[in-house]
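Got a structure here, written out as structure tokens. Questions coming.
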């Protein structure tokens, strides 16, 4: 070898040669061969390459739809609706479909973690689509974790320990309720942003006032001919969207009669409003007035003595106040009166006004005109789930404020949080952040690294919904009492543990009352004990001779429900024989715009970390991946703001910055912001994206305890910034923007 | 011995006599635009998400989209009926003759427009030919960070950059159903299986089935609602009928 | 004898006329053969100046960045780094392909059609125009491969026997594109080479060192015997006739890429001739620019390339511009009159949309400016003025293709998907092809005799001044 | 500069260097190609010929072939069902990996050799049902020791058989040679 050409150069060349060869011949052996592991013990029911299907329950919202998940070789591949499940009859919504993006989400809590409050759980400030995201590794084992829980149970007095959980009434709620009852712990509190925006407290309070029974009313759209919806966005996220969508199809396609007619009264056209035959943009705050006016006009049309409820209202004045032509109102009222199957539904932002309860009562009372209570095509009370004796609604925001105050006063020393992300879902005005900092020990059982998990001392991650056992009560949407069953469709992907199991183990360690209150080997045994009584009930859709068969069938069918059932008939004796107030809403704030916050139909409260949900186009605006504020184009012109201008929305309490979407179907004096994005944690796809309109809410409540999310007036301030909001639609094709003058 | 010319992969049927095999009926009157079909399709067919920048720039990969327009101005404004738009599986498809590589071919057996990913060189000519604008192109190798790939459907090829793709009428499900039926020595029954979008649709706005069988649900509905086909005037012979609603 | 009877003044007048003709017409201004050969050789072999090297370095770096690095990125990362989207699936790459193919048409037009029609003014610049065909086609080929999503599989478009029963689809205009462009590239290269042989032989005889070897190989032993000339003339004749239909077919097929698609604005039966006239429009413009640059930068070229040539090109440009306008408005009016909803939207979008300025600019530089300037003989004889017009026409023609490809794609029958196209990395790649085109010329100027000396000399032999009555006229004798 | 390099390369030592470089690149290429053709290492030197020789049917260990797309690998339990009755299993060194795997409960990592690319959707069941025998594609396993693939499963191989099967039946040909039969 000459010194000009060293051995190293030779090796380099040879290396290049080999690499080139590997590339040219279609990659080397490393990429050509894969390893395959056979089953250790092939289950009897499967062959390689064949799918196995498991029935379970969707946990993306509290509705409790049944799922059937296709799995193959231990991986969950596709979610479908459970065709036997009476609530959803084989269908799912987009969020149910994307539940796999939760299961296989790249940002999950991978094991028990102890960390200092506020410490991040994954690297942030990284490009969510190309960057590397090192997650914080689990730094505890489950024995230690269990010990922590046991210590918390024993260290503090029972009344210093509290539980905060999600909206769903599920097995964990039952477990904690039982535990609390036996040991004197504080009873668990359930809350979720969806229940806040659905104003469940108002609905059930109205039901109590009118019908004498606190329950969620159910509206049988499918049997109706004319439906007046006062802001209820039942096609999107409202209560049980699948059941109501089915009802809507029934309304549209009633085979024996004419196509049903849907009228939507709301200031901002929701998707439901978009599908409606008529959209009446009434002045926010006048819903009760309009309902009463309609009632009076309809009653007069029918003839007979005017009932007390509608006696005081002046329809002409109401029409003027609501900004509706009197003729329109009259025409609609006559339609309502003339058709046999009329139905009126309260909902949406109208219930979140200071007169929300009055709105709910007035609209519900309209149903007395066709007297559809308890009938097909009318208003009924939701069927109670099996094992349930009365409707147990989640906490209202007002109750959450009380709970927060208890935390802030230091009365609660240990807080367990499961299935809810209060730092995001609770309006900022309640200052949960501060309250949390006053609690000595905060333990989160979050599956994902959400804001509350970040602010907790410990995270003891529960399994993802598809990895866990359980059941969930279906609270509305079907006439049948349903207990929807859940089972793991795949084995846990990470080192997570079922929260019930954690508590069972901790209770054993804690001993005393705790141990005796939880005489179960594990979560499954607890579940079996809970569903065992159903075996002896008649009318179930399957029967079993012994408990194991019953349990197996329960899992196989995805739950237990009766083959026959009926909605509860409300007691309607004096619905109309009372004073109903048509008072207009008092709005909080000095601004000139009514604010309509609505839940993003694709993201809802917890979908922001699922990339395909983010990329789904919003049904009304087709916006993806962000938050926007909808402003009437004429208003925007007056304010000299354009699409994608960032504006500051200022309320009495706070401010958010969002980009403008000029929305043609909104009142000029109203703006709307979707709830769903605006996370400061919760994984790479959610963090730092958009804004949260709940930051604007003031801590003021209507009579039923629901926060005044629909009762705000806000100001708009220009910021001079621009922010592109990705949308599926073409601005040129749909709005003729940039197409030149015609 | 058979030759290429026997394959009829580019055989053209021009007349009204054309009868497809698989088809859909879409009832826009009940479509609520809820996007469940979009999500289901993406989950079933391993469609990548593209992120905020690319999606805002018109590079979403979804095989089905829901269109809506506005009519009139406030307060008389009206949202038009939601219109799910996906590959119409034309009998005489404008995308097919223009592909120089035969990556977009007509399946004579299934009467579908096939997209053969591994043959595609990415000229994107088919997408220009398609009057429905339903083809999506893999502009990049869109990342699906671990462990998201765990949910890949093994029956559907995962596409890489530079490849065109589009709705296949869930051909993997067609094959599965036909294979099952054949193993049991029978024909595929109507409603035995359906596409991901039709299966998930909460409003049952999408119905899938055999359009060459007058007894099938899809044929019945098409007849009952007098379904219309999109851009029929172009002679594309689409296999999806729409009921535009009242 | 009449000659003797001429008065002195008359004689002086004749001399003056002859001088005037000589100055104006290359064909009447013969130089000794050897001197002319030396002039061409000197222009080619002269020692490169620092300006030359600077140009090479600048162009070379643009090529390396634009065609090398940017293309590598495009292949490695996918077309996402370009600006294409739904519905503008085709962007600048296709614009450039059409543009470069268009440019390449001028070469064939000048050397083949003008040769066939025996237009004598063509003689000094057929070579330069022919080079444009070959160099332009190379850029077109590059552009079309850049545009592919999986360029590394482009060999699938070539028909080759295989066990998989797989063939390219001959229904697709793109398949024919590939065949047409390949055919055109091969035949135009051949057609470039044939007239080059005598000049290469001349260069071989006049050079030393590596150049001698280089030209010896290229001249394939041409000695200039009668037989060789006969064969060469025959071959050139055949090629000149044969390449004309090839030229027409290429751009017609390119136009089918658009015309065969069911899109508003594309689906037009007049696209074939319209594209060809457009190609000639930009090609003639480019030829004028190249001629002016060559004349301005290379030695002795002001002898070979004179005002008369620009004048002739200018006339052609004017006529072609009129032809282009005719076809454009023919297409436009029929589309407009047809009244198809979407086509109307598209036409409106062209005019009033965000790129309306481009539409207007296209009409101004393609029609108004040539018509305003080229009618005047003095103006069109000015190399710099005509090259500015040439550049403007090329910009205009590029705009035209831009309007046809991405802008028309933005508007389709699904208004929900309408979207504008914003170019990204394609800009670098386009600059790369432009730089490579110029670089080819720059390098070729040092390797290939730019002037077909033998053709010029042949022409000069055939031309003479004759006097019919009082009129002095140029006569051309038939040589072949 | 370049001239000096050329001059250096022209001298004998330079020529040798060029030769070595050429040989190195060439042999690397050959080696690379050979690597891709070689059967991969398996965790167990599984002799197919012995098992087939005992008269075990293919479908006994790979039952999926008659039921669905994948033939599948036998579960360890299935291997063990026979092997734990064979005394040699306890002692044989070659079988130690199996014994260890079963006892420790770790799956054996086989490297499949008969593969088609990701974009091919192959279904064993249809082929078995059509009367194809395993050896038609996988070769005679009585002659194979450690698994190797007798032929490259490329499109020509598949299509050849499909076209032959179709024969003169045009309808069947259009079905069997339809792109969508395998690619979707």
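In this document, chain identifiers A, B, C and D correspond to the written order of the chains, with residue numbering beginning at 1 in each.
In the analysis below, a residue touches a chain if its C-beta (ideal position, glycine included) is under 8 Å from a C-beta of that chain, and two chains touch if they have at least 3 such contacts.
Keep in mind it's a predicted model, so treat the numbers as computed, not measured.
Participant: Report the chain ID whose CA centroid sits closest to the centroid of the full protein CA set.
Facilitator: Chain B is the most central one.
Participant: So the centre of each chain is just the mean of its C-alpha atoms; given that, what is the distance between subunit A and subunit C in Å?
Facilitator: Distance between chain centres, rounded to whole Å: 65 Å.
Participant: Where the centres are mean C-alpha positions, what is the separation of subunit A from subunit D, in Å?
Facilitator: 50
Participant: For subunit C and subunit D, let me know how many angstrom lie between their CA-based centres, rounded off.
Facilitator: Centres of subunit C and subunit D (C-alpha means) sit 55 Å apart.
Participant: Could you please state the distance in Å, as a whole number, between where the Cα atoms of subunit A are centred and where those of subunit B are centred?
Facilitator: One centre to the other, that is 31 Å.
Participant: Can you list the residues of subunit C that touch 2 or more other chains?
Facilitator: 165-166, 414-417, 419
Participant: Please output the residue numbers of subunit B that touch at least 2 other chains, ranges allowed.
Facilitator: Answer for subunit B, listing residues that touch two or more other chains: 7, 57-58, 60, 65, 67, 69, 102, 119.
Participant: Two or more other chains touching the same residue: where does that happen in subunit A?
Facilitator: 49, 728-730, 734
Participant: Make each chain a node and each touching pair an edge, then name the shape: line, ring, star, complete, other.
Facilitator: Contact pattern: complete, every chain touching every other.
Participant: Which residues of subunit C touch subunit B once you look at their complex with the stated criterion?
Facilitator: 77-81, 84-90, 147-151, 153-154, 156-157, 165-169, 171-175, 177-178, 257, 260-263, 266, 409, 412-417, 419, 422
Participant: For the complex, give me every residue of subunit C touching subunit A.
Facilitator: Residues 345, 348-349, 351-354, 356, 410-411, 414-420 of subunit C touch subunit A in their complex.
Participant: In their complex, what parts of subunit A are in touch with subunit B?
Facilitator: So the residues of subunit A touching subunit B come out as 49, 72, 75-81, 88, 90-98, 100-101, 103-106, 128-130, 133, 235-236, 241-242, 245-246, 248-249, 252-253, 259, 269, 271-275, 277, 279, 281, 493, 601-602, 611-617, 619-620, 622, 624-626, 632-634, 664-668, 689, 724-730, 734-735.
Participant: Which positions of subunit D touch subunit B when the two form their complex?
Facilitator: Per the touch definition, subunit D meets subunit B at residues 117-119, 121, 123, 125-126, 129, 163, 166-168, 170, 173-175, 177-181, 183-184.
Participant: Residue numbers of subunit D touching subunit C in their complex, please.
Facilitator: Per the stated touch rule, the residues are 154-156, 159-160, 163, 177.
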